[in-house]
Amino acid sequence: MPPSLLVEQKRERPVVVAGRDLFERGPVFIAGPCAVESEAQALRIARAVKAAGATVFRGGAYKPRTSPYSFQGLGETGLEILARVRAETGLLICTEAVDGECLPRVAEVADIVQIGSRNMDSSSLLKKAGRCGRPVLLKRGFAATLDELLHAAEYIHVEGNADVILCERGIRTFSGHSRNTLDLHAVLRLRERTSLPVMVDPSHAPGLRADVVPLACAAAAVGADGVIVEVHDRPEEALSDGPQQIEPASFARLVRLFGEVARLGCARS
Amino acid sequence: MPPSLLVEQKRERPVVVAGRDLFERGPVFIAGPCAVESEAQALRIARAVKAAGATVFRGGAYKPRTSPYSFQGLGETGLEILARVRAETGLLICTEAVDGECLPRVAEVADIVQIGSRNMDSSSLLKKAGRCGRPVLLKRGFAATLDELLHAAEYIHVEGNADVILCERGIRTFSGHSRNTLDLHAVLRLRERTSLPVMVDPSHAPGLRADVVPLACAAAAVGADGVIVEVHDRPEEALSDGPQQIEPASFARLVRLFGEVARLGCARS
Amino acid sequence: MPPSLLVEQKRERPVVVAGRDLFERGPVFIAGPCAVESEAQALRIARAVKAAGATVFRGGAYKPRTSPYSFQGLGETGLEILARVRAETGLLICTEAVDGECLPRVAEVADIVQIGSRNMDSSSLLKKAGRCGRPVLLKRGFAATLDELLHAAEYIHVEGNADVILCERGIRTFSGHSRNTLDLHAVLRLRERTSLPVMVDPSHAPGLRADVVPLACAAAAVGADGVIVEVHDRPEEALSDGPQQIEPASFARLVRLFGEVARLGCARS
Amino acid sequence: MPPSLLVEQKRERPVVVAGRDLFERGPVFIAGPCAVESEAQALRIARAVKAAGATVFRGGAYKPRTSPYSFQGLGETGLEILARVRAETGLLICTEAVDGECLPRVAEVADIVQIGSRNMDSSSLLKKAGRCGRPVLLKRGFAATLDELLHAAEYIHVEGNADVILCERGIRTFSGHSRNTLDLHAVLRLRERTSLPVMVDPSHAPGLRADVVPLACAAAAVGADGVIVEVHDRPEEALSDGPQQIEPASFARLVRLFGEVARLGCARS
């Protein structure tokens, strides 16, 4: 069993392997559509985000949705499409496991298994993720404290999986002008308290396309190790989350600006 | 498929069967320890809460815990103990299914399957609960809106299970003087928007034994159909949640007072 | 200078004088319209709430409103009407001082000076209230912690005014189904931490007439010393807060039910 | 009366005069100690922040404090010191008016009158600020919605004062790892909804010195027009807010980095 994350103090930031020393070479950009909708859609967007600087493709095969009547993802077919995207583009794949049943199959296809915000508290899923043999992108629950997030990471860690990537994605507040409020203080605190990489999802909190690039740059300013961004080349046709998916040209601008802000080292003390 | 809960308007309150027309005869009291710790403990407490007026025994066999180092429940052994409690006392059993794996076995033993606050968003667990053949006690997530709670109920309902009992258990707020804030407005709104029974858990939000009886009575004042309460006869020895478990004598007082407040009909218009 | 409220421990509950040993004889009901709109309106409602059991008449002469375009109250004319209500009905008067300028004149007319939720943080107003020679009804800010509320009370107390009545009126949360969330835990905590009377305002948090009576009864269940309620005999014509003002007949029911719940002593340990 | 802020749509950003076309020449830096403590302290810090790039000196003469036992500011003496800082350094002065009584005298000394977060709801103070003849820096209440902030601005505006500078300073959330959570979405929304300058206070929300520079840079990324920062050259000796005041060298770094991030134009669409 690796040493507990919970008692670990700031030490040299170890490299999370994530397949290939992912975070060693600078900011990591995970990009792609909210959901995999078809092979053509996934391949088109994958090529676009790769050209813009992404190294990991995201796309939901299994979608956790508030309503049972919303599009729930293509499931196994979606995973097959993701495998093809990987083969054809060379991009790594990050996709969500929504329960213990789909996890083994997700882990076959994905280079990084995502645990979503709504499942951050599902300890039985976390334990299985700890045994899945893949790096895990763990999203903070939208009402979780940092202690709860780190305990969730510990559930994975304790099973022998040290490759955990933390991800801030916005918290639920009284504020009605954005869907959630991105908590950038959390990035600063997490980087102090742990040596795990800390990413930010700038797409879900605002729920508005126009906010994604500036919020990603704000994440760079507080020292985030990368971003996971929803990108769609025809957002008006998207089966889910259309209003928050940015187009490839905006994503290319995001990559460039994130890099420039990151190079300034604003969060270095 | 039954008609959607989401469009249903206030109509005659149908009886949730819950084994035996549970809610027809007045307030329902579900009581018992946070966790099943041993057969002796469970039987002692079960007899005490039955004497005090409970008709359903609660006790966790599988415990969702924030930390992987906390007591996680006795699992299968806990379920066997619950089956014995049922056989020996005649009490109905309510216990939590924390994931899809344990659900089938939980549903064999339990008369009411509980879905906890942290799993309210786990749509795959909700769908399975919709096919488990048992009434489901669905706790509101501590940061869930009522729409999200009703959508979660709909996930169960849509699979053919109309026996859903909603449960308010406190929401996360800025307030630091209690662990969570019991949202009694939610009880009023849920009773308006749905015909499902609405229970309240007065134990988890305060996290303090002294608050449980007054908060249960407040729940009666706003028209709750019953309460689910943590009761332990030796709370100082409890393996989890000791400080919030009340003793059987307090529970007897709670049953009496809840009934008296309920009879006043404060929430009838 | 009286001993600090902040270090005071639970001791015998002293009587807050409030003109006439107000809280000694049982629950206190402060009732009346959101705003004083005319002499006829105020007198009609005052007679109705007195008949129903109120001992204090409330009605805003100065109204703190979110928008400068909303009705701001009758000001000095409103105070004159309140003085007439007092003379004709024998009811005590409770009305709000919104700033240091109106406070001296408010204190001439009012038996209890109200400091509203939005001014709980205005230390210069609190200090003046501490020197105004009248009991002060101090409403908790909708985002204030209990420490902040008690510090605000201390600002009044430190100037020599020990007659402070605390009032919980709902806190701002993520929840969208009610305007604010009534925090009944706060009543339990405040009664533990201080010997000041603790009232509850069940009108503002829900913003819905139908919720007022049940929430008032819930306040009785947790041991509130009384309630301050908005009552209007023609709510559809009210110049402000129409939807949350209850009619005199509902208020009479509230007084009766609050008394019955209070007599049960649910919060006594 | 100027046209309402509330109906105004995105139009060319007018120049807020603030004495001297303040926002025309690029980001504005308002810096100085939490409180004016002595002439020597104020002058030392003023010279340091001017050298680092500030054009406005901040320092509280009247301090709104949670506890009546905390340092409440030097009052009139503090204002005299501020006048001397202005005369000796040529810096503009920004200082807070905590009530209607001190406002006229504050407005004599200050080039920008600050209305603090706790007074954002004090409509009578806002109205007086609307007649004070000075630009007003209006801080968002820590639990205020953007509509409430804009209504507060409207209270000032409606009295004839169009020189309002909005300031985001963090909102109260469930999160316990920072005092408040800086709401950078608000900056994006306010710039869309109004033509007023939008500043950010990166000092109060974290309550931690190390977070101030990265959060200021994050504010630049979302398009803030400037920052108001607490700077002290001997923070360990500060009479208030020591832990969050940064030293002049950090402030110089902040000015440089804010400028570099701002020049990237991340929030331009």
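Going in written order, the chains are labelled A, B, C and D, and every chain counts its residues from 1.
The definition used in the following text is that contacts are C-beta pairs under 8 Å (C-beta built on N, C-alpha and C of every residue); 3 or more make two chains touch, one makes a residue touch a chain.
Computed from a prediction, not measured in an experiment: that's the story for all the values here.
Relative to chain C, the most remote chain by averaged C-alpha coordinates is A. Distance from the chain A centre to the chain D centre is 35 Å, each centre being the mean of its Cα atoms.
Within chain A, the positions touching two or more other chains are listed as 143, 172-174, 176. Viewed as a network of touching protein chains, the structure reduces to a complete graph with every chain in contact with every other. Those residues of chain B whose C-beta lies close enough to touch chain D in the complex are 172-174, 176. Of all the residues in chain A, the ones that touch chain B in their complex are 6, 64-68, 72, 98-102, 118-119, 121-125, 127, 141-143, 147-148, 151, 154-155, 158, 172. By the touch rule above, chain D contacts chain A in their complex via residues 143, 145-146, 171, 173-178, 181-186, 188-189, 205-206, 210-211, 213-215, 217-223, 257, 260-261, 264, 266-267, 269.
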